[in-house]
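Two complexes are shown next, each including subunit A; its partner changes from subunit B in the first to subunit C in the second.
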Partner chain A sequence: MAVPWAPARKYVAVSRIQLRASLVYPLDAAGRAISIVLFVVVFLNLWRATYQGAGRSVAGLGLRDVVWYLAVAEVVMLSQPRTAALLAQSVKDGSIAYQLARPYRFLLFHLAARLGDTLPLVMLTLAAGGAAAWLAVGAPPTWWGVALLAVELPMAWLLNFLMSTAIGLLAFSVEDTTAFEWIYNKLMLVVGGVLIPLDFFPGWLRGAATLLPFASATYTPAHLFVRPGGQGALELLAVQAAWIVVLGSALWALYRRGMRRLVVNGG
Partner chain B sequence: MSWARGARFLLAVWRANLLSAMEYRVSFLAQVAGMFLNDAALFGFWTIYFQRFHEVRGWRLADVLLLFGTVAAGFGCATYLFGNVLRLATVIAEGELDYYLSLPRPALLHALASRSVPSGLGDLLFGFATLAAVGAATPGEAARFALGAALGAAVFVGFLVVVGSLSFWIGDATLLSGAVTQGMIMFSTYPFAVFDGWTRLLLFSLLPAAFVGAVPASLVRSFTWQSLGELGLAAALSLAAGTALFQRGLARYQSGSAMQARV
Partner chain C sequence: MSRPVTPTIKVRDLRKVFTVTRREPGLRGALRSLVAPARVEVAALAGISFDMEPTERLALIGPNGAGKSTAIKILTGILQPTSGNCEVLGLVPWKQREQLARHVGTVFGQRPQLWYHLPAVDTLRLLAAVYDIDGRTAERRIRELADVFDLGSLLEVPVRKLSLGQRMRCEVAASLIHRPRLLLLDEPSIGLDPVAKHHIREMVLRMSEQDHVGVLVTSHDAGDIEALCRRVIIVEHGLVVYHDELQTLRSAYLSSKRVRAHFAGPATLGGLPPGVRLLRQDGISALLHVDTRRATIDGVLGLLSRAGELADLVISEPSLEEVIRAVFSGGRLEATS
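Showing the complex of A and B:
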């Protein structure tokens, strides 16, 4: 395939190599597919029991909406790039010195590599999660939402990449970034709306949570999947775009600062 | 190896793990405290849920808190004492078993116990904190809670050894093992009453999450000898299945001839 912009060739090659590497153990990759099916089964059981007691609709969402919402949010969660752990490890073991010396832009290399890593996972979890949700509650609520996912999944992935990479770069300043990764994951699960739609939050908490980047990465794609033309859709998209700009700039600044602090010993 | 020698060996490995962790005391304590807060944050989901819906099939916030605590304590106990159970699939796939096989000690026991996950202690502490939070802090309740968590941990370890051992056959079961771990945690921390039909059957058999969450938690408030017997049997079967599959898989093990240095 001809790449129109020559400098992009090496990054396409990096993506391709990572893509192939991630396909070496197909049975293992299927583990993620099993994961999302298990999640959908758990969600279906909980929310079916919930709706039996609460009526047909809660906060404008029915059982079908909630199950599809959670399936999409889980696809985003399971296919997020794990840049933080990789970067922290390379800072700890010193292999970052080799990465920095190579003829590519460090952040673009990781963007390309993680894209290659996660692309099969996105496709796999989307297919498995979609099939499980369809079997559980029927077709997606709207086809317009399905079409919008083609834009929203890459946006969500990019936001996750920016946040995860920023956490990884903290390894330049702190010894261990594990605790930051935990906090980030829990924020995604709870205030990002992976475990429960923000629509069910108390009013004040919902307002605050939708303004955070965690919600832009999970709640926004999942909510727009079930309610693409609903009230507030444009605001959600605007907040998401703003976070991409803000976090992208912050990541660049963090990287520059990290480079100034980096001391490589030995040869 | 006799039981007494096995116990002495385990104690020596755990002591070495603790001494090693104490070399990085701040990091150790940060991980313990971090996991405690992490569990508390995750429980935020249930707080929000019950604020909106109040109950689900008779389960209220306190019931789920006790369930969550039991699972946290069992999981914490398993990962603190047998931390490598989480990465057994990788240990097998990457040829790291060479080290354990070359020593005159049971390879599986040594491999599992040779790594301690400090955050497991945070889970364990969170588990006991929930016991106090739900007002179940009599010595009898605490003892039944500890017993349930320990047996739940045994079920969890045995089952993960079964899944991790699949690396002997499929090459690398790391992601599969991760998926199963997540599945066990997820199914075991949700109110058991929401599951029915074939899902309930699944949770007592193929994915024995009921023996990690619902059954151990039931010992605290509604103890029956039958439940304890069933849980004990599940733990014994799980450990036996894990050991048998691992031993069988060893015959297929191919060393990666990887150079490994252990200091």
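Showing the complex of A and C:
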């Protein structure tokens, strides 16, 4: 494949091989597509009951908004790159030694690899989640939001990549990172707005939560999907951009530090 | 390509100290470790120095935990030493890791670099891209490697379906895709059956001679070393305990023989002359170690025939395996078993 920028060729090759490897066993991707359909069905019934008691709109969001919001948040959750687990595993089994002894940027290698293996997940969960939400509550609330998703989904993915990779790099100095991964996932569910839209939180809590990177990675894309031109949209985008810069720099620093502390197991 | 005249590897007083948390056994120990972890410093390398000439094949051997793999990891730049200096192909590995990686191929024994679910040729093509090799050159190189490593259609089979021996051949081929000037083999034959071991050694040897590739191999397997290397460095507890030609190591040891005698009936050995030691004895057989610089085989035969009626006699030289074991256990080239 011709690539305009020659140094990028190796990273494209990494993405492609990882994509091919992920297609060997398509069951994982299919499983996630089925889960997102189940989630949408559960959300629909749960929130329909809630809205029957609470009226047509809660905190400015109707039933259609909430179901679409949650579908988008689930797409982000189910297709997030899992660098943390993969890095921890390669430190444990020592194959990290190969990853480091190659002429490429280690972090870019992982970025390219995760792009490759999550691409089918993004496509499948998006298609399945979108279809399920459409059938459940009708067309997306705004087409603007759909257009914005083309930017917001990659942003959310990148934020998750930065956070997951940072956790993975901890494996260079601590033995087990599963506790960190667990905390990270729970934070995504609660203060990231995956379980309940942050709009339903008390004002001060919503304000505080939206300043955290977890919300930037899930609440922001999901909220902007249903309310792209709403109040505070620009702030959400600014906070998201700031987190990408901050976490990107932090990851780089962590990588430099990790390289000095790395203990490669075995032998 | 012009070859450097300076050593391919230059290591001076290299030290690597790891801080490890010592876990105490039992629940009480686990709790204590949680509150006040006992940290101890372990010197994986306690100051080693050696050189390796271009195109040389050098063995780094030693028992488990001697520091061989730590040394390899420092040489590839994935570990930083605590102190000391080291240059590989004129580069400082941990400072110029990416640059160095272009000229060094590495095989880490049982750690996979091939994509498990895909055919090996996919990994080879990926690595070619990673090393900035254009498509046509890559295909030519892949055919060359397939030829030397006798891979044929194996390259098209998903790696998970290959036997360990077939996989290792693919692994080594993958490490050579970019025509490295130096090949680092960390336990390349571990877990392989004798035939597969033999294949790998033959192929590495052929590649090394054909492409003028220097080879540094760490191994537990004396066979790897005998087949591949002319010079050997023995490390133990992070220190170099022996460093010389393999031939010198052997000849230092070839001054000794083992004599196994079986008697037709009960036998009694008389007093042993200097240079002869009794290693094992039961009623009808005896195993002797003979230092041929101090005792003659003829004298030993006389001794044995006086002891009883000889039924069988075997005179053997110690294997490299035994030589190495002796170096580890005594640090001196004296037989112990």
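Quick notes on this structure:
Keep this in mind: the second predicted complex is superposed on the first by the 259 of 267 C-alpha atoms of A that agree within 3 Å, B and C clash if a C-alpha of one lies under 4 Å from a C-alpha of the other, contacts with A are read in each partner's own complex, and residues count from 1 in each chain.
To be clear about the criterion, a contact is a pair of C-beta atoms (placed from the backbone, for glycine too) under 8 Å apart; a residue touches a chain by one contact, two chains touch by 3 or more.
All values reported here derive from a predicted model rather than from experimental measurement.
By the document's definition of touching, of the two partners only subunit B reaches A:Arg32; subunit C does not. Once the two complexes are laid over each other on the shared chain, residue contacts for A:Val190 go to subunit B alone; subunit C is not touched. With both structures placed on the common chain, the touch criterion links A:Ala179 to subunit B but leaves subunit C unconnected.
When the shared chain is aligned, no partner comes close enough to touch A:Arg256: not subunit B, not subunit C. Judged by the touch definition given at the top, the superposed model places A:Ser95 against subunit C, while subunit B stays out of reach.
In the overlay built on the shared chain, the residue A:Arg56 is in contact with neither subunit B nor subunit C.
Residues 25 of subunit A are contacted both by subunit B in one complex and by subunit C in the other. Across the complex, subunit B meets subunit A through its residues 27, 30-31, 34-35, 37-38, 41-42, 44-45, 48-49, 51-53, 55-57, 170-180, 182-183, 186-187, 190-191, 193-196, 199, 207. Note for the complex: subunit A touches subunit C at residues 6, 9-10, 12-14, 17, 20-21, 24-25, 93-98, 100-105, 259-260, 262-264, 266-267.
Across the complex, subunit A is touched by residues 18, 68-70, 72-73, 76-80, 97-99, 101-102, 104, 106, 108-109, 111-113, 115-118, 122-123, 125-127, 129-132, 158, 186-187, 218 of subunit C. Residues 25, 27-32, 34-35, 38-39, 41-42, 45-46, 48-50, 53-54, 58, 175-176, 178-179, 182-183, 186-187, 189-190, 195-196, 200-202, 205 of subunit A are the ones that touch subunit B when the two sit in their complex.
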